[in-house]
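Common to both upcoming complexes is chain A, partnered first by chain B, then by chain C.
Now for the complex of A and B:
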């Protein structure tokens, strides 16, 4: 749809949030127990942070929770009853950064592929995403390289931009329109000057990224044509500690395992995040493991994200440039480092 | 928020990960540690609507133990009864192995691609199986027996570790009478064994193949399939007429969970039956 652009004065944001809180659970970046920033449900608008470091855990946890019950098996005497578990309560994700918006859009696109994942989609379709653009890039982000920031042209429901004393609110979907019409008296249509100011801010933000960020194109070509030496993968894998952190905090990683949990004589079948970096991820009951070596698993991860996702699936890179893997990796086997190594044909040492 | 919040919810997707209950009708020991389980859906409507093709698999679920991908090994012409040949290998199959007739089990499926029985109509077939790899190929044999004249020469090359590991030995005579050349070998014979000893790919030396109109269907350990492909290519069988059935750890069987990714394909969606020409760049490489 053609984006409709409004503005809202900064003091009115609290009133809007109160209206949103009446109808849905609002999740926003808040200060955690030890001062770190986390995404959490809020009870009052004052909790919301406006100038914050992007939380370490991406917002994917609200569409694909770490443990996600999918089926309940109830025992009724001799009979078994199988019931699906759905979560379609209304949620508003407030003040998320562009990279997380793109991450959720990516996951939804993947889960919509046939056969569609009903459990995921119910949650995603009930979620309104209100994002906040980044006037200043975060120190580790490289979203300009993955077309996922610092400002977006789509995939959000509402995109807020800080214009000084007010916020520009670009509405990108019917869900966004609904969230605005909920408090229509607080918004007014934006002037042309305000829209052009947003464009100037976007250009300025793009220019603030450093020279060396993450050049995917040549790495994609090399990895797809098998021009990456095995020795290089081995070198990269020497720096991996198999912690799986990169998958758990990646906004585009969605691999999971399915487990059972007994509760009151019934069974809850739930899925739980898994990582392709764990040895047992591909272990078969026979003992055969096609990805026994660490270098195979590293290769698999980057082959999927940098090559297969682009060429075989939807023409995007499986990365939103949030820079979380740089923060979490205890070695240095993060996305920009590996892409640079593939591009240059040698590991940084 | 008065306007429709869930605007896209019109496309209500049904959940593909929901198991359906089935009753175990019969358990028949087939080899050491391997039994054939015959399942019947509890819901009569489901029983009537269920169809599968040779080579596809179901996800069998036992509450508390977990879920496991098992090939259908019964005749696709009789889809009311689902046959699964299960070996005690891991925690789930061991728990399933303890079940008896009358017990309830969760089933969802069928999933995956099928053996190209229509595409290979009229040509000669070399069916190669190693160990429990015969289970997903049994529906092929049973389908061929029903319409034997539609195919040319049909050979089954089958091997297992020891004579006690051979599957469906009581059916071999019936298959031979139906016009299928059954060649059997074991890796390790024993005193009473009067048959061949050796690995499966060597059985290729016992048959004559017209490479212009022969297709190969193979299922077994990956190392066996590698050498089967080698022998087939050495006999000038074209790459796109070699089909293999692959095995990977699976959790969801519908392409969500990522476990069975094989190069750019998912074994649960594009596989398990894959054309060798399509996967040649990845097959046999450690990394994929």
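Now for the complex of A and C:
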């Protein structure tokens, strides 16, 4: 839909949040333990942070939890009954950053592909995403390289931009419209001047990016045409400690494993986060493992993330430039470092 | 969603993260950027830390063995049973021992020690993993008079030279491996001493290849390299060290290779150098000597006590350090003071209101063979001690075993009474990392079923054995620890101020060093040219996700299923010489006996070395006997 653009005065934000809290669980970045920024359900508007660096644990946990019950298996005489478990409680994700918005949109696109994942989709469709643009990019972010920030043109339900004394609120969906109409008296239609201020802020933010860059295009050419030497993957693999952090933390990674848990004579099947970087990820029942060597698993990961084959299918690279993998990598094999290595054909030289 | 900051329960690096719970159930782990050790970077174990309490086989209610079966009973009944039977044994003049655990908190270990010494009046208290790391600690103590570490993981990153006795650091202590990696990235020189070209060996500037048990020889070579080229720090070596002349004498005949000379020069010339040592596969006394020689290398090159330079012992469990500090050792009181130390005894007698036992106790291995009754806190001798079968047999012979554990272990199955306690995710307490950080674990969910927190159960047991133990929280126990082990005195306050935890004061600047060379014994012979060793760097093997007891379960099951007969690893050259392929059976014969096991081929292993993963050690028990490594003849079966 064509975005409808409103503004809301800063003092009115609390009233709006209170309205939202009446009908939904509101999750926002808050100050957690020892001042760390974390996503958490709020009980009062005052908890919400407005000037913050993106939490390390990604917002994808609210559509794809690390441990998620998906199926109940019940015994009924000689038979077993299998019932899906859905979570469609209404949630609002407030003040998420553009990269996480893109990440959730990416995951939803993947899960909508046939066969569609009902468990994921019911939860995602019940979620309203209200984002806050980044007037100042975060130090390690490189979302300009992945078309996922600092400002977005879509994929959000509402996108807020700090204009000084007020916020610009771009509504991008019916869910977003509903969240505004819930407190219609607090919003007014934005003026042309306000919209052009937002554009100027976006340009300014784009010009303010930090050290991290990630030139996907040339890396994509090389990896898609098999021009990355095996020896390079082998070198990179010595600088990875197989923690799996890069994929667990990645807003666009959605691989999972399942595990059953007995409860009162019945079972619950859980979906749990898994990482393609773990040895047993592709271990087959026969004992054969097509990706037994770490270099093969790293190659596989970056092929999925960066190759033209997947770009054509997914419409984007599998990265939103949030920079989280740089912070969690227990090694030196984060996305920008590996993309640079693919591009240059060199690693630590 | 509930978010609670806590400390990783696995290796001794002491990383921290948040546990996440939803509706009273654990759901995940979130990294923390503010944690001073991990800063948001976790290994696979840390990322999966919630899985153990969630998916592990948990003890849910007190159990008492009747007609060979463990049956549920009430807490009152179970505790009465324990009190009655243990008192009966003591009255009958039979001995009762206590095992603590490096995966239990300081508070739990402290109370286990108090129960043993003040309640049961015995020094027969230890923990199984101690048998693996004791020689290492003893070696360090022999040279420095201390057993702690003198540097932090961050110091590694700033080193110019790193000397690593390599088991497989990347797998055993990923957080430490990360620091080494960062240092190497910045240009540090890494000298790795090991028997497999592991990831760290591949990143090293110099790989000093040896065989299991041969580490001492290389250390002596490095010492000789330093002394022969007069690279030692004369001031440190003569003014602060004893035994300098003897060391020179011992090493006159030792030849250093060209590589050793090079490494010696790097060590001596570095402004900052770090020395990393895990328990190797060397035998007890030799490991002690190797460790002492390794510390000597740091001492004579002036790297002990210099800020940013020094030594780190790579301990295999989260709270080895804490268990030692709490006096869970037959010859040590809280504060790791010798059990005969008059002042320590007086302090404890004042605190506990009981006279302490005067005879030295037995270590875990001997204790299992001699006591009639055993109280076990979260320890699992058959899984941890080298001799799995012997430990199981010993426990079968015992008249009475009580186990406090969160998980169903082989020890729980052998017990007469099993008391369910909280896992790290359900209890309050502290763990002491190898750096000497005392950090909190915090409860995020309730313990399952009837389970109670370990410190509460132990306090109740203490009370039943007429030992004062009225605590209203784990913090109360920590307060008492501060009185019993003076080094912990400031910790409570630091906890309040710093959030994640406090750091013990290490005193490495003063005191005499006593220098030692390593003792070296030849292992192989023409009749038995191969060397069979267990992969002893980490008692749960190289697999980062393998379980130690059922506390970390992903992958472990699949390994067991895939290799029901276990395996030994050998290099391709050895396999070719024997005309063998992966999966084929090899017959191994030592002086003690023979066994037939399948092989796996591993390209990075030193020729002549056969490695058996710790989890599969029972398959070669007949060949190894009580040894950790032995010379064998290998032939196709």
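The working rule: the second predicted complex is superposed on the first by the 335 of 349 C-alpha atoms of A that agree within 3 Å, B and C clash if a C-alpha of one lies under 4 Å from a C-alpha of the other, contacts with A are read in each partner's own complex, and residues count from 1 in each chain.
In the analysis below, a contact is a pair of C-beta atoms (placed from the backbone, for glycine too) under 8 Å apart; a residue touches a chain by one contact, two chains touch by 3 or more.
Only a predicted model underlies this, so the values are computations on that prediction, with no experimental measurement involved.
Aligning the shared chain A places chain B and chain C next to each other free of steric conflict. If you count the residues of chain A touched by chain B and by chain C, you find the higher number for B.
Applying the stated contact rule after C-alpha superposition, one finds that A:308 touches chain B and leaves chain C untouched. After the superposition on chain A, the angle chain B-chain A-chain C between C-alpha centres rounds to 80°, nearest 10.
In the superposed pair of complexes, A:90 makes contact with chain B only, with no contact to chain C. Of the two partner chains placed by superposition, chain B and chain C are both touched by A:283.
In the superposed model, A:259 makes contact with both chain B and chain C. In the overlay built on the shared chain, the residue A:149 is in contact with neither chain B nor chain C. In the superposed model, A:321 lies in contact with neither chain B nor chain C. Of the two partner chains placed around the shared chain by superposition, chain C is the only one that A:61 touches, whereas chain B remains out of contact. Superposed on chain A, the gap between chain B and chain C at their nearest CA atoms measures out to 6 angstrom in whole units. Residues 259, 283 of chain A lie at the contact with chain B in one complex and at the contact with chain C in the other.
Looking at the complex, you find that chain A touches chain C at residues 32-36, 38, 40-41, 56-57, 61, 65-68, 238-239, 241-245, 248-249, 259, 261, 272-273, 275, 278-280, 283, 287, 327-332, 348.
Across the complex, chain A is touched by residues 1, 3, 5, 18, 20, 22, 25-34, 40-44, 46-47, 50-51, 54-55, 170, 174-175, 177-178, 181-182, 185, 199, 202-203, 499-500, 544-545, 554-555, 558, 562 of chain C.
Against chain B, in their complex, chain A makes its touches with residues 23-24, 70-71, 73, 80, 82, 84, 88, 90, 111, 113, 115-122, 125-126, 128, 173-175, 177-179, 181-182, 226, 233, 254-260, 262, 267, 269, 271, 274, 276, 281-286, 288, 290-291, 293, 295-296, 299-300, 303-304, 307-308, 311-312.
Contacts from chain B toward chain A in the complex involve residues 1-9, 11-21, 63-68, 89-93, 104, 106, 221-222, 247-249, 251-252, 254-259, 261-264, 281, 286-288.
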